[in-house]
Each structure stands twice: as structure tokens, then as C-alpha cells.
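Pasting the structures here.
Presented sequentially are two complexes of subunit A, the first with subunit B as partner and the second with subunit C.
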Partner chain A sequence: MSLVEDIEECGWVFGKDTVDSLYACMQCGKCTGSCPSGRITGYRTRRLMNKVQSGDRSILEDPDIWLCTTCYTCYERCPREVKTTDVIRALRNVAAKEGHMSKAHRATAMYVIKTGHAVPINDATKKLRKKLGLSEIPPTTHKYPEALKAIQDISKKMKFDKLVGFDWNTMNLEDREEK
Partner chain B sequence: MKGLVIGGGVAGLRAALDIANAGFDVYLVERDFSIGGRSAQIVKSYPDLINIKDVLKPLMEEVYNHGRITLLTNSEVLGLEGETGNFKVKIEKKPRYVPEGKSCEKCIEVCPVEVPNEFNERLDKRKAIFVPFSYAVPDGCVIDETNCLHFKDGSCSRCKEVCDGINFDQKAETIEIDVGSVVVATGFDPFDPNLRPELAYDKYDGVITSLELERILDEDGPTGGKIIINGEEPKSVVFAHCIGSRDKKVGNPYCSRICCMYTAKEAYMLREKLPNAEISVCYIDMRAFGKGCEQFYEEVQKKQVLYRRGVAAEVYSNGGNLVLRAEDTLLSEPYESAADMIVLAVGVEPREDSSELAETLGIKVDECGFFVEKNLYDPVETEKEGIFLAGCCQGPKEIADSIMQGGAAAAKAIGLMGRHSN
Partner chain C sequence: MKEYAYFLGCITPNRYPGIEAATVKVLKKFDIETRDLDGASCCPAPGVFGSFDLNTWLLIAARNVTLADMMGLDVYVTCNGCYGSLQEADHLLKEKPELKDWVNENLKDEGLEYKGNIEIKHVVELLYDDIGIKRLKEAVVAPLDAKIGVHYGCHFLKPSAVRGHGSSERPTILDELVEATGAESVDYKDKLMCCGAGGGVRTRDLEVSLTFTKQKFESMKKAGIDATINPCAFCHLQMDRGQVEIKEKFGEEFFNMPVLFITQLIGLSMGMSTEELGLNAHAIPMTEKFIR
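Here is the complex of A and B:
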């Protein structure tokens, strides 16, 4: 399967229009010039779009594709209405499937499986909630352990745990070769 | 049989003159106080750097003095009925309140109202009684009744105290004329860069449009031809192509055709005035397709104007200094360029009210708002027989092309009226 077909399949949730919009890219550089991540990292949106267009599979292993903060600035500004951010998100789905998910994203996924939260509660948040007149523990998996069980069942059923490499014995990530 | 031309820019002027010189009487209707159109705001043509004024002024005067041309300025077409060879057109003629012709301009001195001067792209002020521009035709002062205190609340008549010629009692009148053909040459509006807020046009005085720079470059302009921005001569200037062109986000998916080359021309003129300034241009693709244009582009590059591939992404201020951010797409690296002046090469848009006029005339507009020609082989005809198109109202084009299309539309109108006359 071609890279674009892979992206379409793994990014089905965004719709076929998302990847198709990529063909309208005129390589103007509005995305790269607008990118907040690119100010401090090597992330280059236009170059990424160019590589996807030309079917260059090496980008699946490129750690840079995980540096997009999904702020959608490029998406908003693109003069050809390329759905840049969603293309990147769909592309990450392909990369994850092929075992190239970044360590930071795997760690976030681990917290979701372990706690039901990408960012679990901590003392500082508890204090802040109290200050704002809220219950210390939010009405989420933190309060309802049976809901956490449901999330973990879904993770197993969807093989999300395998995708991110979650080890149920250690309740932590398996060791993987990181790029 | 008489002809009608709507719009007194270069296309309409050419059309009116050609129809008149072929022996037909023709009405020329212009919405502004003066004929001349957008071209009157432009200093030089590209690529041959001809002074527009040298060409336009005699053309305007020839139209004004032509025995077969009835000039109706400050007038608008309200309605059209009938069919080819026999149109009845309703026109509203609004008053100037001051007789045409050279005037002493004492009235201007005493007028207490100051408003932004549209002709100079609002860079300076004019009075409520004013001369539209230095070589306006018809010549002389006019009163802009929306800003004049006499028409607002009757509190002022200072101009009348110094000038007997002024007549506040003039009223708008609606006339009906019979014409055999109509040439539509209503021109364009420049793109409003506020629709791209990341370029901060509204936020910083140093960010200007290309039309504003055109006024600043003019010896008759608001700065007397001196390049002054925020009170100082800029040391660094960045031009930004494709502002409001090739941009689906703002509803303009088309190329405006003229911006690559007018930017090259403005960069050339700027280099003559600022020999030591850093001048660069952000472009997506360079479109120098006209006769002599590629050579001119090369000449501009040789004047040390740096062309960097990649559209302008955003503009911000770094403690008083303007910074333009973009990607150099040839290096695949983003960069930031400090600039005292950023010139946005704004694109060509249909007139704001083009759809209304199309409805009045019974012609079509395309999905972008430009009037639609009949077909490839009848490029100045519309689907409505007897109505012809010329200039930017049909689609973006340069001055020379507009003049050519004006001539072509006139030839078709003459042919049609000739057939009906026999």
C-alpha cells in the first residue's frame, strides 16, 4: 500500500478529504513560517507535507513528526486549505502502527491506561480545585474506579495497550528501541 | 445611435474615445468626481517605467474635450431596460456644488472639515471641499456632501462666503438615456489585508499596502515623493507577494496577475530613492509573463533586491522593530527579517457591489465576483447581447491589457451599432 493509502486507512476518522487536501499544497511555506514548534525545534511542516506528497516512507521513522503541538495555526492559515494538522495526526497513526510512536506520546498513553487521564491529578491540582470551590477529586476515573476498569477493557479490546507497548505486569511501558 | 460606457478608468476611456472617433455619440458614466480610475494613483508602468500621468492626462483631457462624448461624473447607473440596439438606461447625476474648471481654491483654506484622503490611500487628509487630485478631470473643486457640515447640520457655509460659484441648492437628478450598446468597465477594489490578521496591517504603521507605497513614491503624493515611514527613511524593506491572491481562505483562489510585476517596479523605484537600504521580496512563484517582464525582473534582482522563495507567514513587533517571519522554502528553513517597512502586495478583487451591477444590467458574475464573458471566441461580449466588458471588472489584468480590452469592446460596440444604424 502506498503511504497516502496507509494514511487514509489509519486516519479514517478524519475522512478521505483530509489526505486529499494535501494534493493542493503549493509549497508556499506559510505553515513552516507560522509554526510555533518550528521556532524552537527542527520541525518543518512544509517539508513534511512535501515528503508525504512524494510518498517518502522514511518520515514514519522521523522523530520530528511528533514535535507538532497540534495548535492548528498552519491549518487555519493555509491558503490552499490543506488540512495540515489532521494530515500529521493521521500520519502519526501510521507511524504508531509501525512501531514508531515517540516515547513522550507512549508515556501519555501509559497514563491513560493506568489512570484514565493523560495528565493524572496531583497535589497542586487538588489544591487549585479546592481553592476554586471544587471537590478535591474530580468526577472522573479518579473518583470512579469502575470507569477506569472500563477504559482498560477498551484499551485491551482495541489493542491500544499493544500499540503503545504497555506491560500489565509492571503497569509500565515495555522497553523499546527509541530513535 | 449612441453608446454608453460605464467606468472612467483606462479601459473605459479607451472605449469611449474609440466609439466617439468612429462617429457615434457616447455617454461616459463615472462614479467618482474625476475620470482616470485606479491608474491615476499609479506613478509608473511596468516594465518600461512610463510615467502614467504623461499618458493618462492627455487621454482624460481628450475625452473631456471630445464633441461626441458626454461625460457624466459623480454619476451612477440605476437601471437598464430594453435590448441590444435599444437600451433605456437610468442614471443618477449627483451634484458637485462647485462649477467645473480651474478654481482659486480659497474655499479649501476656509473649510474646517478634515477627512482621510481616499486618493492618497488615507495617508493624509483632505477637506470636505477639495480637488480630487492634481490632474483631475473635470478640473476644480468639489464638495463631498457626506462630510460637509452644511449638509450635516447646516452649521457652516464658510466656503460660500469666499466663493460665489458655490451652489448648495443643486440637487441630484435622475436622467434616462437611450443607447444601443453598453461597455462595462467598472474596475476593481484592492484586497483588504485586515482579512489576514497575522500580517498586522492594522496594528503597525510600518505595514503598508502596495497602493499606499505607490502614493508615497509619487512626487505629487502625501510625502512629496520622499520615502518616509514613521517619520524616518526606512533602512530595510520587505515586500510580501500574494496578499489576498491564491488564497482560498479569503475567497480569492485566483492569481491577481499584476502583483509580481508591480512589486518588481516598486522595488526598482524604491532602490533609486534608497540606494543603501536592504530590500527583499517574499514570493511563492515568480510570474513575469508579460513582454519584457522577465528581463525587468532580472534587472531588479541586479539592483540587489533579494528574492526569497516562500510566502510571508506573519508580522510582529519586537520592541518597536517590525519582524517578518517566513520560510525560505529553497533552504527549507524558517527565518526572521527585521524591517522598517513591510509592503503587502494586495491583490485585485471585484468591486464590492459588482453583483448588484450585474443584476441591474442582467449579466453574470463568476464564483469570484468578476463579470463573465460570453466564451473563448467572444471574449469581450457577455451573454446579454449589446453589453460588453473591458478591464479588471472581467478579471485581474494590467493597465496595457485593460486598454486593449477597452479598444476591443469599443470595436464590438461600434460594429453592433453600425449594423443597427443601417
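Here is the complex of A and C:
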């Protein structure tokens, strides 16, 4: 499958049109000029669009694709209505599938599988909650084990656990070489 | 009286519960009741989980929306990330019947069915539309005399075609809310710039992420701003905790600029105390103007 077909598949929730909007890119560079990340790093949105358009798979290994904060500034301003930010998210899905997922990102995903929260509660916050007159444990997956199980079921069903390399025995990340 | 289910997300209840306390209290003063959304999870973060696996992202987001759908209550959020995920997922599900079928097929085992009968709202919409500037002004008993730098964050306004709050280039909604408290909203360079936390950048590349934040604070300092306000728990963390991290990473002068969530600022103007709003638990201490 071509790179764009892979991105279409991963980005199916947006619809094919959203991903295919990238074919309208005319390389004007307005996205790069608008990008707060490109201002301080070597990341160039226009170049990314160019590589995707030409089917250059090396982009999947390029750590720069992870420097987009999904701020949508380029998406709002693109004169050709390329759905840049959605293309970038779907492209990252393809990269993750091919094993290009940093350890730090895998750890964030692990917390959701383990606790239902990307940022779980800690003792200091429990104390503070009580002081503020709130329930010590929020009424979320932290309080309801069956709700946490629902999140874990979804992770298994979507093979999200496999994607991030979550080990159900240790309830931790498997060792994996960072690509 | 109007009732909403409060989708808490992660950062609000698990790091900045002052945002939760302030929001529930302020809304209650205006006869808006908050109900727990029992069993909710991470939204999950749109730029992070949306970047890893869009199927998992959509299904978890849809589950959260469906919990409220089954209660028959509209939802409000206090984080642009939560808004991004829940509002976008709800929008996609309302637009695309094939997605709705897929989601319901996969949520069946959990005893859930998404019907799409509710709306996902940002607390800013409740403040601006349900309550309104006029009533907010009438409720002020302790006007703020301060210069405020508004930070909008990204996912409250963008993508504008999905969010539906008008242009993302020249918004005024938060500035109007700030000025209702007696404070002055002062423009600064790159006011609409991202805080740097989103899209997994904070997690993967803290230094890049903090450089965004640092630039914003430098601009706010230059504009003579006393404190910054935001409508997003994640931006809030990045800007409050972030100031400490900037000092650690770059060893530069400490900005020491108080960071307030919009309902915390409004709470102060309504006579609530710094302590009950959780403001004294922030990484950056409040300055005199914000101690009551």
C-alpha cells in the first residue's frame, strides 16, 4: 500500500476526503510560516506535506513529525483547505504502527490502560481535594473499577495494548528498542 | 435551574482540583447545578491518543460522551484538550452514521449506546451564553484591579469549522469575561500562540514545549501584565508548573507570574477567597492583587 493509502486507513474516522485534501497542497508555505513549532525547531510543515504527497516513507522515521503541538494554526490558514493537523495525526498513527513511538509516549498510554487516566491522582492532590471540600477520589475510573475495566476492554479490542507494548502480567511496558 | 454533567478529565481532578472547586462554586451561584459523570476516564487527549491510534481515541471519547448521553445531560469541560476530544468525537458521530454504527457495535459489550442527544460545551460557553456578561458584572463584589494576559489555548477555538465559535484569529470572548471582573485584558505579542504542551510535545520534548511557554511569558512581562488567565487545565499546568521547569531548564530569571483559570478569577471578583479557589496550591504563588 502507498503511504497515502496507509494514512487514509489510519485516518478513516475523519473520512477519506479529509486525508485526500493533502493533494490540494500547492506548497505555498503558509503553514510553515504560521507554525509555532517551526519557529523554534527545524520542523517544517510544508516539507512534511510535500513528502507525504510524494509518498516518501522516510518521513515515518523522522522525529520531527512529533514536534507538532496540534495547534491547528496551519489548518485554519491553509489557502487550499488542506486538513493539515488531521493528516499529521493520521500520519503519526502510521508511524506508531511501524514501531516509531517514543518511550515517553508509550508511558503516557500505559497510564491510561492502567488507571484510565493519562495523569493519575497522587497523595498530595488527594489531600488538596479534601481541603477544598471535594471527594478525595474523583468519580472517575479511579473510583469505579468496572469503568476502568471498560477502558481496558477497549484497549484490548482495539489492540492498543499491543501497539504500545503493554504487558498485562507486569502491568508495565515491555522492553522494546526505541526506533 | 440548569443541570450539566461535569466531565473532569485528568489534569483538573488529579493535579489542579482548585479549578474544579472554583468552577462548581461559581456556576452554582448562577443556578447552574453540576452532576458527577460517574466512571468517566481520560478524554483521551486528542493530540496524543489521536496521534497514536485514532480508533482507540474515538472509542474512549465516544464512551465518555455516551455516559452523559445516557444520563440525558449536556456536558461541560474545563480543559481544551477534553473539549477537543469530546466535542470532535461527538461532531464526527453526529455527521457520519457509519462511525456511529461502528462505535455502537464496539460499545455494546459495555452496555452503552451512543444516541447523540446531548451537546458538549466548554465552561466558557456556560459563562458567556448561559450566564452572560451582564449577570457576571452584577455579581462582582470585589472588582479586580489588575492587568491580565489572556491565553486562549488552541482547541477551544480551533478548528473553527468544528467548534463553531467564530474566527480563531481575533476572539474576544475571554477578554470580555476578564473585563467583567473589573480587570483589564492587555494585549501582548503572540497572544494566540499555543502554550507548547499539546500534541504529545510536552511528554516527548519538554525543552521545545517550554520554549513556547517561555516566549509567551517574555511577551507578557514586556506588556506589564500582572497575571495570566486560561480556559484549559492542560495549558494551566504548562504555564504554572512550566515556570518552575523553565527556571530549572534554562536557569533564567523567574517570571513569577500568577496563573489563574478563568473561573478562579471570576470567583475572586465574586468575593470568594484565594484558599477556597485552590489558588494557594499553585506552583507560582499569588501576588497581593489576587490574595483575598
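The working rule: the second predicted complex is superposed on the first by the 163 of 179 C-alpha atoms of A that agree within 3 Å, B and C clash if a C-alpha of one lies under 4 Å from a C-alpha of the other, contacts with A are read in each partner's own complex, and residues count from 1 in each chain.
By our rule, a residue touches a chain if its C-beta (ideal position, glycine included) is under 8 Å from a C-beta of that chain, and two chains touch if they have at least 3 such contacts.
This is a predicted model, so every value here is computed, not measured.
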item	value
Touched partner set for A:33, first subunit B, second subunit C, both or neither	first
Touching partner for A:116 - first (subunit B), second (subunit C), both, neither	second
Touched partner set for A:47, first subunit B, second subunit C, both or neither	first
Subunit B versus subunit C as contact partner of A:100, first or second or both or neither	neither
Superposition-derived comparison: subunit B or subunit C, residues of subunit A touched	C
Partner chain in contact with A:14 - subunit B first, subunit C second, else both or neither	second
Subunit B versus subunit C as contact partner of A:78, first or second or both or neither	first
Subunit B and subunit C contact sites that coincide on subunit A, given as residue numbers	none
Subunit B to subunit A touching residues, read off their complex	198, 242, 246-249, 284-285, 309-314, 325-329, 332-334
Complex interface listing, subunit A residues touching subunit B	26-35, 38-39, 44, 46-47, 77-81
Of all residues in subunit A, those that touch subunit C in their complex	10-15, 36-37, 40-41, 66-73, 75-76, 85, 88-90, 92-93, 96, 101-102, 104-105, 107-109, 112, 116-122, 125, 128-129, 132-134, 138-144, 146-148, 150-151, 153-155, 157-158, 160, 163-164
Residues of subunit C defined as touching subunit A within the complex	8, 10-11, 13-15, 17-18, 20-21, 36-42, 44-56, 58-60, 63, 92, 96, 99, 106, 109-110, 154-155, 158-160, 168-169, 190, 193-194, 196-201, 203-205, 208-209, 211-212, 215, 276, 278, 281
